[in-house]
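Scroll down for the structure; my scribbles are underneath it.
Lettered A, B and C in written order, each chain numbered from 1.
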């Protein structure tokens, strides 16, 4: 089953460190006491039942959700909150923008800007955020589109692209910014089954090139074969984080992991 | 039909049409701008300001334009606001239109999916840039039809200005009718004028709509 | 000048009496609007091309010309064609005929909002056309169109003020008359505005209640 050897040993130094992180929405505790490292060039998959807090965890990593306990650091820099200030105070919007430039994100619903062509979608942030000239930005955007094998769709509007193509443009938009980490929030969940493969293939290529990736996914095949480590969340807690071989190959120790994976086994996914 | 009447009153009618267009254009564009400001205030300000805006929107939308015009034109001088009929007409048009425009803009803000704003934040875009480059261009798609519709409604509301002797199209037509005791022809021609204005505005709105929805066309 | 509530208080009975005419014009106008609007809507979507085109032309014209102009035309021109109606009847008729054009479009929009699958399902079950309309389409169209129809009624309350121009003693006209005697336009018109606002508040409240009822039923 998990017989492919990981492309790296997953033992690089940590790039993201999450320490005792928690997040509540009013009365509902979405995440509690999460501690987790993401190593450089590692692919970490977050799995778990719906409502377990996977997406919230991902959104806390780039401060789309403001976590309210513990800390998240990227290369040692505290994300979102000002360093050493108590009570917590959010960083200035300018600093927050700088931090987010290093963290690319891909959404379930693609979130392409429908009034711009594929090329414009990718070039927009290069021009508006990085301050690049139009020509240079377009050249770089073309290169990013080439990476996701969509050079020929540069002038298409999102409405004229398939779901898989739209998601690949969204990936190009993120990688054009040359982020240190890429976050994927269920990148294939909104796709028709026959379009899932092309997106996963692009993600595999990125992993092979050494991109650090955190992926919330229901694609257990991808988790089993591409991930270096798999984290399982349940009810806002990190239950376990281990190489896929440990999670998928034998009967996992934890009952919750077992019952979660059972439903997939019944469908012959893993 | 007595053509010589129209030759005699033609210049006055054309002047009146000019005043109608002036009041309509100045009033509705002013209302559009004020409405946008109100919608932005509503979106980005504290609760008490929102309550005031809410009350303003509800009161203006819940009362007849004619009464608003009377309050401004006849009541204004009592609080030191003396306006010519045309000034009162344009100003009341701005006040009358602004809450409808602000509601259209508000729904436009809400129509832009949250995820697209998030995506822009994720690549580090500033809020002002997001408003200018992502939200506004996209808002144009859902708000163009209601905006066109409201501009059309306003073309017709200009007729009410005749009541406070703004020398616009209806006023001039009534003058003509009263002086010559002919009613049928002047009013039929008048109707045609308005109808053409409405059809023209509708056509213009259609062009704008085609322009702002270009990207949604499937190739 | 200071704002005088006394002026409002003394004239309130006259204003309220006038508001009854405002209500009469808008409610009677709405009744005509709905009945005539259903016919117009049916004509507009009928397969008979001539009928559909005539209805479309009617709707375009009545929506394209200011109601004030339509009112004046009814007032000045109906006598020409031998219809000597009292002013109030002419006003109600004009308001209703104009509003019907909007009501027809509201109903047409509501009918289009009903999923085509329902009609197909009814056909598949062999339900005859008339029952389909009476039992399935019209009740849903009214439910879907109700908020817009309530809006239309609120609009009619507001446009009934135009009837003042042809001399009908409704709220706006009486306000003008009182202002002429008291020289207190600010107080009187603000009082009139408040009455219009309250009427519309009540209508929209009733509308929401009716909506809830229909949803429950």
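The working rule: contacts are C-beta pairs under 8 Å (C-beta built on N, C-alpha and C of every residue); 3 or more make two chains touch, one makes a residue touch a chain.
Computed from a predicted model, the values in this text were never measured in an experiment.
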Relative to chain A, chain with the most remote C-alpha centre: C
Chain occupying the most central position, where position means C-alpha average: B
Intercentroid distance (Cα basis), chain B paired with chain A, Å: 47
For chain B paired with chain C, centre-to-centre distance based on mean C-alpha positions, whole Å: 21
Geometric centre distance via CA averages, chain C-chain A, whole Å: 55
Sites on chain C at which at least two other chains make contact: none
Shared interface positions of chain B, touching two or more other chains: none
Chain A partner contacts - residues on chain B that touch it in the complex: 113, 115-116, 118-127, 129, 133-134, 137-138, 141, 212, 215-219
Chain C residues touching chain B - in the complex, by the definition given at the top: 1, 60-61, 63-69, 72-73, 76-77, 80, 154, 157-162, 164-165, 172, 175-176, 179, 185-186, 189-190, 192-193, 196-197, 200-201
Residues of chain A defined as touching chain B within the complex: 62, 64, 93-94, 97-98, 100-101, 103-105, 107, 109, 111-117, 124-125, 128-129, 156-160, 170, 173-174, 177
Residue numbers on chain B that touch chain C, as the complex places them: 59, 62-68, 70-71, 74-75, 78-79, 156-160, 162-163, 170, 174, 177, 183-184, 187, 190-191, 194-195, 198-199
